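Got a structure here, written out as structure tokens. Questions coming.
Going by the order they are written in, the chains are A, B, C and D; count residues from 1 in each one.
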Amino acid sequence: MYTHEVTLRVRYGETDKMGFVYYGVYAQYYEVGRVELLRSLGISYKSIEENGFELPVLNFNINYKKPAHYDDKLTLKTSLKEMPTSKIIFFYECFNNNNQLINSGEISLVFVNKATKKPCRAPEIITRRLSSFL
Amino acid sequence: MYTHEVTLRVRYGETDKMGFVYYGVYAQYYEVGRVELLRSLGISYKSIEENGFELPVLNFNINYKKPAHYDDKLTLKTSLKEMPTSKIIFFYECFNNNNQLINSGEISLVFVNKATKKPCRAPEIITRRLSSFL
Amino acid sequence: MYTHEVTLRVRYGETDKMGFVYYGVYAQYYEVGRVELLRSLGISYKSIEENGFELPVLNFNINYKKPAHYDDKLTLKTSLKEMPTSKIIFFYECFNNNNQLINSGEISLVFVNKATKKPCRAPEIITRRLSSFL
Amino acid sequence: MYTHEVTLRVRYGETDKMGFVYYGVYAQYYEVGRVELLRSLGISYKSIEENGFELPVLNFNINYKKPAHYDDKLTLKTSLKEMPTSKIIFFYECFNNNNQLINSGEISLVFVNKATKKPCRAPEIITRRLSSFL
């Protein structure tokens, strides 16, 4: 397993009238988690796209246990458990200031060749960098 | 089963650099779907909150089949299949202009007493209005 | 002057912990306003882009007079007062359910040739359609 | 003048189909700028609200000079030039990776007593902390 941790400060506009982080905002947080996990491996998601890949989301599943509030400093742990094929699955756990798990989830994405719009294998840079961990 | 349909026009700011609706935006669309389903039953979600309930999301699960694009007019079908208890589960199917299913999902929410912060039964107005359908 | 009116229902995720529509959300509402103004003239903003134009925003200025709340049905009046050149300026007035002005503003955008990335004249379809009004 | 600098990494969902940061997203960035300016003075915006104040936006004005792109690391400089009264005005300059000014603007907010909903003076903690700078 390869895990990477980021911290995220809740922005005012990310809260809703209940005073909680709006449930849809975690899609953005989880995206930050996977981009920074890749960056920690020396891989820029931006350059993956520039090299002819797209990475649309296939499935997003999230379980909410506790709310987050304005100005909370959240810790998001993002993990890869299996070597990506044409699919890559990120697992998430999000913790609040008190180290309580507030939500968890997973997101599957598929590598697509930008030119042909067909699914394709994960770029070799990703599998190579992950090979010592998975 | 009780089903309600809304149409949603994709806004520019809802797209991302792939040219697709950002995957997290559907959380907002699905929220519009359930609010309008309730309105079609004569129930204002706003007044549910004003009557002392909160309705946080427990689980959000969505499968993406095709992307949506800027200015698309999407049709979102929201359904209730079972009478809500303290939990209510909405089922979703989202279609594009060509009547192709572009994503589907479900969202579970829990009724919470605003004062005690404890889960509680669905407000009677909801179960009464649904009783002829479910 | 050419004016077009749209109604917008405030979404839950558009509110913040003050219980008001977050001040940045009006950028999206104003964008809907100008897109629907163009549509009312028989012009699709999407097709403008497809015909080789981009229309980035130069200036956005908004004065907030009153807050909007969840589920409010807002009326947004968007106006053009002058024939667009390479610049186009939209004027806005946003009203709540009680017909109170809650904010007003203006947005300047510039027509850019997508290929050269240089400013260019407004597409002829826009000036032609507006010629009976301005 | 008191100035504070933050860096912001552009998120995928903050881009639009032009490939740029959506013009409305800067409202969130500017909000981060002012919250972190206050934090640099030892003031938590959250505690201001908890002490009975609200701080709605009166005016937001922004000039866009260049676009920002996905994954850019932006530097946002937020400044106070005058001691706040019941109004507080933040000035902004946003720079890209190459230290080019990409946009600038200002935001006026008003201190409101949460109980009476009337404008009121800036909390004493703010004027005291700023007194050596302004």
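The rule is short, and it goes like this: contacts are C-beta pairs under 8 Å (C-beta built on N, C-alpha and C of every residue); 3 or more make two chains touch, one makes a residue touch a chain.
Since the model is a prediction, treat every value here as computed from it, not as a measurement.
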item: Most remote chain, CA-based centroid, reference being chain C; value: A
item: Fitting chain A to chain D on CA atoms, where both chains share a sequence, rotation angle to nearest 5 degrees; value: 180
item: For chain B paired with chain C, centre-to-centre distance based on mean C-alpha positions, whole Å; value: 27
item: Averaged-CA centre spacing for the pair chain D and chain B, given as whole angstrom; value: 33
item: Whole-Å gap separating chain C and chain D, where each centre is the average of the chain's CA atoms; value: 24
item: Sequence positions of chain B contacting 2 or more other chains; value: 12-13, 22, 24-25, 27-28, 31, 70
item: Residue ranges of chain C touching chain B (in the complex, touch as defined); value: 9, 11-14, 27-28, 31-32, 35, 44-46, 70-71
item: Interfacial residue positions of chain A with respect to chain B in the complex; value: 18, 20, 22-28, 31, 54, 56-64, 67
item: Residue numbers on chain D that touch chain B, as the complex places them; value: 12-13, 15-17, 19, 22, 24-25, 70
